[in-house]
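Here subunit A shows up in two complexes: once beside subunit B, once beside subunit C.
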Partner chain A sequence: MLEIDTVTKRFGQVVVADALSLTVRPGDAVGVVGPNGAGKTSLFGMISGDLSPDAGEIRFAGLTVTRLDAAARCRLGVGRTYQVPRPFADLTVFENVLVAAQQGAGERGRAARATAADALARTGLSDLSDRLAGRLGLLQRKRLELARALATRPSLLLLDEVAGGLTDPEVAELVEIVRAARGDGLAVIWIEHVVRALTATVERLICLAGGRMIGDGPPAEVLASRAVQEVFLGVTP
Partner chain B sequence: MNALIHGVLLGGEYALIACGLSLAFGVMRLVNIAHGDLAVCGAYLVVFLGLPVAYALPLVLPIAFGIGWLLNITLFERALKAGDLAPVLVTFGLSVVIQNLLTEGATANPRTLDGGAISLAEVGGVSVLRIIAFAVAVSVLGGLQLGLSYTGFGRRVRATADDVDTARLVGIRVRPLFAAVAGIAVATAALAGVFLGLLGTVDPYTGGLTLIFAFEAVVIGGLGSLWGTLAGGIVIGLTQQLAGLWSVKFAVLAVHLVFLAVLTFRPRGLFA
Partner chain C sequence: MKFLALITVVLAGVPFYAGPAWERPLIDLLTLAAMASLWNLLAGFAGLASFGQQAYLGIGAYALFATGLDPLVGVPVAAVAAGLAAVPASVPLLRLSGGHFAVATWVLAEIARLTVSMATGNTGVALPAAHEPLLRQAITYWWALAVAAGAVGGILLLSRGRYGLAARAVAGDAVAAAASGVKVTWTRRVAYCLAATGTGAVGAVLFADALYVQPSSIFNVQYSVSMMFMVLIGGIRTVEGPLLGALIFFGLQRALAGYGPWYLILLGVIAILMTLFLPRGIIGKVGRPWKSRAGRSYSVRWPLWPAARRRSKDRGPRAREPS
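What follows is the complex of A and B.
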């Protein structure tokens, strides 16, 4: 469903993607780890349409989407959460999710409201639906970020450090929400520093460093590989 | 008492001019220096059409909306991508172009629009036309505010005003949305311009002073709030009328002093 074909992106002298290639199939759950500056969030930016690659091609759902903007990619089925939640602060929680259902999923009237209500129920936010999003706490904002992405009815969900800054029980709650969403055949790419949250959910882990992929496979194998331990965990031979 | 009534009514007029400015800035972060000139264009459109105001208005408003849409896709959106200063410079240039085109096409002579018999009608010493202008201003500002609060389009506008990148991320097509907002802003400006022509005179250079009052109404009311813009307009109208009781020459200066005081002590506006 997603094919990233030798994509390169530079910011001045800094290379955030160096001829990077990645294929994700429907229903896959792929974890992404790597040190700061490895190019993880830039990779998400290029998949979601926030960033344009300097070279290479991105295909999604059978279409070349390299030059499509974020709105068009969302409508095709790419959902994304931000590392630091960015709710529409002056809209209520329900409105945040409703606008995603109407615009991202292209639903109207009752169908859009039902999708919005379902996304809030799945993320445990139903009781807060009338609250202004700007007044939510961190965990609630992270849930709303997830609910809003789910309301666009994505076939590929990009999760950017949803567990960061949360306590263990809070992380466990979010992992459960993501697992439940995967039951619908949703493919997930998940960037996370909290590795245990990842290994509990994904079957495949990739490790990035300097815009290159230095590990790709089952999480245990990737984390145990020498290249990953050297770069990511700072272990020297 | 009479000054209070006139001040409030005048404030509605200022608020009607200012609401498009407030909307364009609140949603698109566009500081439109040509807003006053676009308002004046509304009055001149009625002159060029050669129709009575009541018949011309249904044509002027969609034309103005179309002009706003076109200006956005040809000028504003490019300027907005080019940094903070570019929209100010581009719309300043647009202002100069409009003033020169109007002078070329209609001379620099002041014009007034003929409102027919209603122009002379009064209720309790207050011009009926001014009351109508105030009612239209409140209806337009109220309608826009309600539309923003309770419609799907309004939700999209508010979401985009809040965070344009995230708006794109949930599938909102920002380009046509901005074009529609620019269209509404210019249409309300043109409507305000028609009332300027009905209640007084306009010439190709009226837009500059109009813009200053509109800016002051927006800032006094608080950026991004349409009810605040209405309140800001009324503060200006009241200040002008009440200061005018003491000295006509002092009236406009008093408005600017109130504006400066608000900027100094409540820079986010009185009603934000």
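What follows is the complex of A and C.
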């Protein structure tokens, strides 16, 4: 469903994607790890349409989407969360999710409200639906990111450090939400520094460093590989 | 909405029961209210703070002059002309945002002023009076009322629906809005062109009221500054905030008109104090305790969000049960 074909992106001298290729099938759950500056969030930016690559092509759902903007890609089924939550602070929690259901999922009236209510229920935010999003705490903001992404009815969900900065029980809750969301064939790509959260959910782990993929496979294998250990632990052969 | 309709009906009768003495100040007040509401549509609901709305006042006024139409039928034509002018203008402008957008709108307004000056001369043009004075003023008054009611009612309806929610999401965070599927540029373009249309109608009304217009007066940035002032003191992102702001501005204008420059200095001081102490305006401040008590899931003052209201009503009884 998602094919990233030799994509390259540079910011000045910094290479955040160096002829990177990646294929994700429907229902896949892929974890992404890598040191800071490895190009993880930039990869998401290029998939979701916030960034355009310097070279290479991105295909999604049978279409070449390299030149499509973020809204068009969202409507095609790419849902994403941001590392630093970006709620619409002046809108209520319900409105935050409703706008995603109306615009991202293209639903109207009752159907949109039902999708929004469902997304809030799945993320445990139903009781807060009347609150202004700007007044939420960090965990609730992270949940709202997730709820808003789910309300666009994505077929591919990009999670950017939804567990960062949370306590262990909070991480466990979020992992449960993501696992439950995966039930209906949703593909997930999940960037996370909290590796426990990843290994509990994904079957495949990729490791990025310097815009290149240095590991791709089952989580245990990737984490044990020499190249990944070098990057993360500074172990030299 | 019913309240708005009632006020409109009551005001529509003013020429019959109150007479022409009331019309003149009300024309001022209504055009101010319309301008403030339209600026709020742009800045509050779509996140586009403009310094160049005077461009559309001027285009509306000069469109009325250029077509030579009787204001009775010319005001909508002027509005459409301003709206059409906004479509190509929006193409370069909407590539910008924030301060860049604000400055570019001002530059564009200056270009419009210079173009009109070159075409018609700096000294201004007069509108031939098409009716006897009493009727003429009543027609102007009714148009001022229609434009103000249309602007407020239109914004009210717009902000209730899908479009308004999308626009407010764009104003909140354009990147996150795009990631939620909102067509950001299209949403902004609609707001920009609608605000231009309404502002063009106001321009035509101002011209019909004064019977005379000069490029340097109608294309004056002071208009945009006044719109901003009214919206900020009344309460941005609310429907009634700009109306309250217009009322206050109108009052200040009347009370302080005789003090020359001190009037402008005082306005500046008020604007600074409001920004420091009431950044969300009077309605933003006053509305707060009322809203938190009601606990409703709409975020714009005045119950703009029927879906959310329905939800709240569903939740009401449950919330009151002892837990």
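In this text, the second predicted complex is superposed on the first by the 237 of 237 C-alpha atoms of A that agree within 3 Å, B and C clash if a C-alpha of one lies under 4 Å from a C-alpha of the other, contacts with A are read in each partner's own complex, and residues count from 1 in each chain.
By our rule, a contact is a pair of C-beta atoms (placed from the backbone, for glycine too) under 8 Å apart; a residue touches a chain by one contact, two chains touch by 3 or more.
Just so it is clear, the model here is predicted, and its values are computed rather than measured.
With the two structures aligned on subunit A, subunit B clashes with subunit C. Contacts of A:L132 after superposition: subunit C is touched, whereas subunit B is not reached. When the two complexes are superposed, the chain touching more residues of subunit A, out of subunit B and subunit C, is C.
Legend: residue contacts after superposition of the two complexes on their common chain; A:A19 is shown touching neither subunit B nor subunit C.
In the superposition on chain A, no contact is made by A:M1 with either subunit B or subunit C. By the touch criterion stated above, A:A200 is placed in contact with neither subunit B nor subunit C. Applying the stated contact rule after C-alpha superposition, one finds that A:R80 touches each of subunit B and subunit C. Once chain A of one complex is fitted onto chain A of the other, the partner contacts of A:R113 are limited to subunit C, with no touch recorded for subunit B. Of the two partner chains placed around the shared chain by superposition, subunit C is the only one that A:F94 touches, whereas subunit B remains out of contact.
Of the two partner chains placed around the shared chain by superposition, subunit B and subunit C are both touched by A:A70.
Here subunit C runs into subunit B after the superposition, and of 2-10, 254-262 or 308-316 the stretch doing so is 254-262. Within subunit A, the residues touching subunit B in one complex and subunit C in the other are 48-50, 69-71, 74-75, 80, 82, 86, 88-91, 95-96, 98-100, 102-106, 148, 151-152.
Contact residues on subunit A toward subunit C in their complex (touch as defined above): 48-50, 69-71, 74-75, 80, 82, 86-96, 98-100, 102-106, 108, 113, 129-130, 132, 148, 151-152. By the touch criterion stated above, subunit A contacts subunit B in their complex at residues 48-50, 69-71, 74-75, 80, 82, 86, 88-91, 95-96, 98-100, 102-106, 148, 151-152.
Across the interface of their complex, subunit A is touched by residues 152, 155-156, 158-159, 161-163, 165-174 of subunit B. Of all residues in subunit C, those touching subunit A in their complex are 162, 165-166, 168-169, 171-173, 175-184, 237, 295-299, 305, 307-308, 311-312, 315.
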